[in-house]
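Each chain carries a letter (A, B and C) given by its place in the written order, and its residues are counted from 1.
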Amino acid sequence: MGRTTGIIIAAAAAIVILAGVLLFMLKGGSESEVSELDKEMTDMPLPSADGSAPAAGAGKLAGKSLVVVSWGGAYTTSQIEAYHKPFEAQTGAKINSVDYNGGIAEIKAQVEAKNVTWDVVDMELADAQRACDEGLLEKIDAGTLPAAPDGTPALQDFIPNGITQCAVTTIVFSHIVAYDSSKFQTQPTKLADFFDVKNFPGKRGLRKTSPKINLELALRADGVAGDQVYQTLSTKEGVARAFKKLDTIKNDVIWWEPGSQPPQLLADGQVTMTTAYNGRIFDAQVKEGKPFAIIWDGQLQELDVLSIVKGTKNLDAATQFVAFATDTQRLADQAQWIAYGPARKSSLPLVSTYHGKPDVDMKVHMPNAPENSANAIQIDFLWWADHQEELNQRWAAWLAK
Amino acid sequence: MGTAIATQESLAEQFKRSGKRARRGTFLLVLPLLAFLTLTFLLPIGNMLSRSIGDPTVAEVLPRTAAALRAWNGKGRPPFSAYSALADDLVRAEREGRIGKVATRMNFERAGMRSLIMKTARVASTFEPPYAQAFNAVDLQWSDPEVWGTLRHASATNTMGYYVSALDQTRTADGKWVPKPEEDQVYIMLFERTLWVAGLVTLLCFVLGYPLAYYIARQDDRTRNLLLILVLLPFWTSLLVRTTAWIALLQTNGIVNDGIALFGGDGARLELVHNMTGTLIAMTHILLPFMILPTYSVMLSVPPALTRAAISLGATPWTAFWRVYFPMTLPGAAAGGLLVFILALGYYITPALVGGRTGQLISNMIQFHMQTSLNWGLAAALGGILLAGVVVLYVIYARVIGLNRLRLG
Amino acid sequence: MAEKNESKFGWSRIEGGLTKAYAIGVMVFLIAPLLIIVPLSFNAEPYFTFTSKMLSLDPSGFSLRWYSDIVDNPQWLEAIGNSLVIAIASTFLATVLGTLAAIGLARSNMPFRDFFMALLISPLVVPIVIAAAGMYFFYSSIGLAQTHLGIIMAHTALGVPFVVITMTATLSSFDRNLIRAAGSLGADPITAFFRVTLPLVAPGMISGALFAFAASFDEVVTVLFLGGPEQRTIPRQMWSGIREQISPTILAVATLLIIFSSLLLLAVEMLRRWHTPPGAPIKR
């Protein structure tokens, strides 16, 4: 038996050593890859600041691949059509599209583990600000962004707050309440109706991932004026008031996470009213002909941005991508695919009709169209950057009870 | 004679030595796996748990404040040196882009600290002595010794803070534990809920599983094997498949509700999934085979002659079952039940998918702190408490029931 | 046979009937959810319930569209590939390491046998979230997060208890005198191992391996924590499918997985017959 044992142990040792070697090679391999990339990066010209398309040169990024993370569904489709495909065609890079549900957790985890696999992330501005404060995002130099076709520099061409330290805004979107018009005899018209399960029966859908939106909506439905929302939320009583309002429908809520879910919940009849991103509801209305309607009253407008994850191995390609995706034409193109407002003033006149449906004028579906934004407020991204953390904990405790 | 003794001795020694060598050989067989598991499993868990008692963030980013506060006993007002040290540290941290990190960390200790620190750090470079007044001018919270007490606790590299938090407590400046405000309390409730769910699922598994095992054990060989395969089929089927099946069956537009609507029913749809009901049903279904199999295997070893003997001695069948058969099969049910209970304590996937808001267990909260709130220290503390419970039960299982009773199908 | 003897008591017949009815009820609870998925996966409509067309067995109510969805979707195909690679690799590692350890644990001279046994089986009972969280930090720090290798290591650790349990059970009923007999008949230890030990324990080893395979094939939590976009597996796809947009494609995948696990189960059952000596009761 002794010899057998010896052989078995030798075999086991061989496997362990093999695994060790494999491990070592793997680590070493990725490191050498990085240094190679570094070298290449220094050779590469920075994207130029003139012209609508960055002069990256065709095929310059051939063989490179970028991981671009976004919210999935109709929204990601609009980005693939408007940004990814032309970028791939022009530079030869390959873009891997990954879906997530927002928040900064995954980015933080990757950065802290020094194992960054996401290159560019589509984020809500408040999250981008928070991530920037924590040093999780690369700084973006506004000077590298292309100017408008008429020569207006990017800084003036973007809407207010459109360019921050770490983020370039692509679109203005809106959190709205949508409902299935076939389910109600009297149609709901105002935000407060969302909390009125007696007169407007049925389940409600709310976004689970964050107290943001939910607290504001609750306060506005409770009668707080638009310009008082964040002042109110800054007090203990204000937060309690928002949660108390949410308590009134807590047992009638079905919680959603990805943006593709609210139209699905409406279509399945699981809810009769839900909060949603306006573009997703537009998509269901126009593309699938669903009898959904939007309550624009009390809508919450927010900016959605592109950011680059700190420590990405593809910094140069990522920077080129962000500059390319946020140029005037690209942002206008995106509006052919989804009802979100472009973040550049110069893109607005180029917005026309829905892709493949010349009778659908996109302008009236934009959250910032005058008839839609009468009672709208902007989400205060700085306020949320400071308060998200503590309200997240309260939110989790509230949800679990 | 001398040589004879020497030979004898060396023989005994040889024997001992060869025994030792054999033991070493045996151990070497186990060693590769032990090393592998230590590296890939045990060490990582230990490493994670160590996060629950140590977090150097504050001490690293605010070193001068940490030093100044160490000299303070937490009673009364903090020393003036702490104010100037903090002003200095905040300015430097802001410049180095590390302020968000420390602000988030502080917020784990006390809700509201993040906004307080961020707000203060943005203007700290304009501070001039007297610093205490400068701080209070930004926010009156800085005049609260509790705020400084929190800073003092957090700047210690070794901290019980996360465990305090995990028990829904918070610490005053001088280190006393007091309950958190009611709206922030949640972990004790979740631990209780997890225990309650695990207990109820175990009970349900027993109520469903014991009679089935009893029935199967009494069939002839062929039927018995067929039935066992039917019990094993769900056991082998992917957990996600089984969970999907329950969602399909139980959702409001699902088959069960359609069936109820078909056979009368007032049109109201029952909510059977995405709540606690869903968690209980799906968990019972998934864990049931763990109860049936050990119970059944013990039942097989009970000779049927025993009950018959009891009956022929005048016992009613019920008494024979209850006084003779049941006590003999109880060890099997206990083995199954304890295993079900242990496994149920750590359940994550099923509650996450069918639990909705009210069917979430402690594991789901650990995942939340791991992946969403990124409060890794708290996740580790909650995990440590859960793991301690599981390990105690596991040791009981190993001691009382014996690991060789763990059979898979 | 017990039944026959007791049947003269009327009570016992009623009791027998009740037990039978109850047992059938529990069996239905166990099996029905799985069986119902199968026809639902052929639904022509994107619903999770039987349409009236299906109930009236109208052929137009049925379709294979959800199955062609799988084949047409590169993400699903990639997931199947990933799952197979990871499961096969981790099964191999777990079987080799687990078998060696089990041979050691089955010997009477193993020091601290119970302690080591408990340690080696612990991945079975440690709450998976805790294990995955620990692995996440540790594997990240050595560059194994978001690699196939990392997930293979994790799945090996989780699969090892199955091999150890099955193998120690097999070996405990293995008569070591057989090896001695082989030795006395002139076989050297290596020959004895390959000609006597291995054939006798092979069935146990294979069923342990199948358990480890099934465990890896079904594992999602470590993939959620450790995996990146390149490591999507079948359970990972199902997970996001269930959470995000529950489409009948998942039912089609589930049906395929049910067939797959039935085959695994049958394989294990056949092995059990094979290695149980004739006449001996089938122990479980």
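Just so it is clear, contacts are C-beta pairs under 8 Å (C-beta built on N, C-alpha and C of every residue); 3 or more make two chains touch, one makes a residue touch a chain.
For clarity, every value in this text was computed on a predicted model and none was experimentally measured.
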Chain pair with the most C-beta contacts: B-C
Most centrally placed chain - per-chain CA mean versus overall CA mean: B
Whole-Å gap separating subunit B and subunit C, where each centre is the average of the chain's CA atoms: 23
Where subunit A and subunit B are represented by their mean Cα positions, the distance between them in whole Å: 33
Averaged-CA centre spacing for the pair subunit C and subunit A, given as whole angstrom: 39
Per-residue overlap in subunit A, given as positions that touch at least 2 other chains: 1-2, 8, 12, 15, 109
Contacts with two or more other chains, residues of subunit C listed in rising order: 93, 97, 100, 103, 136-137, 243
Subunit B residues counted as touching two or more neighbouring chains: 28-29, 32, 36, 251, 253, 371
Interfacial residue positions of subunit A with respect to subunit C in the complex: 1-4, 7-8, 11-12, 15, 22-23, 26-27, 30, 67, 72, 96, 98-99, 109, 113-115, 117, 257-258, 260-261, 264
Complex contacts: residues of subunit B adjacent to subunit C: 19, 22-23, 26-30, 32-34, 36-37, 40-49, 51, 208-209, 211-212, 214-216, 218, 225, 227-234, 236-249, 251, 253-255, 258, 285, 288-289, 293, 296-297, 300, 304, 307-308, 311, 316-318, 342-343, 345-349, 353, 363, 366-367, 370-371, 376, 379-380, 383, 386-387, 390, 394-395, 398, 403-404, 406-409
Interfacial residue positions of subunit B with respect to subunit A in the complex: 25, 28-29, 31-32, 35-36, 97-101, 103-104, 107, 111-115, 118-119, 183-186, 189-190, 251-253, 274, 356-357, 360, 365, 368, 371-375
Complex interface listing, subunit C residues touching subunit B: 1-3, 5-6, 9, 11-12, 15, 19-20, 22-23, 26-27, 29-31, 33-34, 36-37, 40, 47-50, 93, 97-98, 100-101, 103-105, 107, 109-111, 114, 116-131, 133-139, 153-154, 156-157, 160, 162, 164-166, 168-169, 172, 211, 214, 217-218, 220-221, 225, 235, 238-239, 242-243, 246, 250-251, 254, 257-258, 261-262, 264-266, 268-269, 281-284
Interface residues, subunit C side, partner subunit A - complex: 93, 96-97, 100, 103, 136-137, 140-147, 149, 179, 188-190, 192-193, 228-229, 240, 243-245
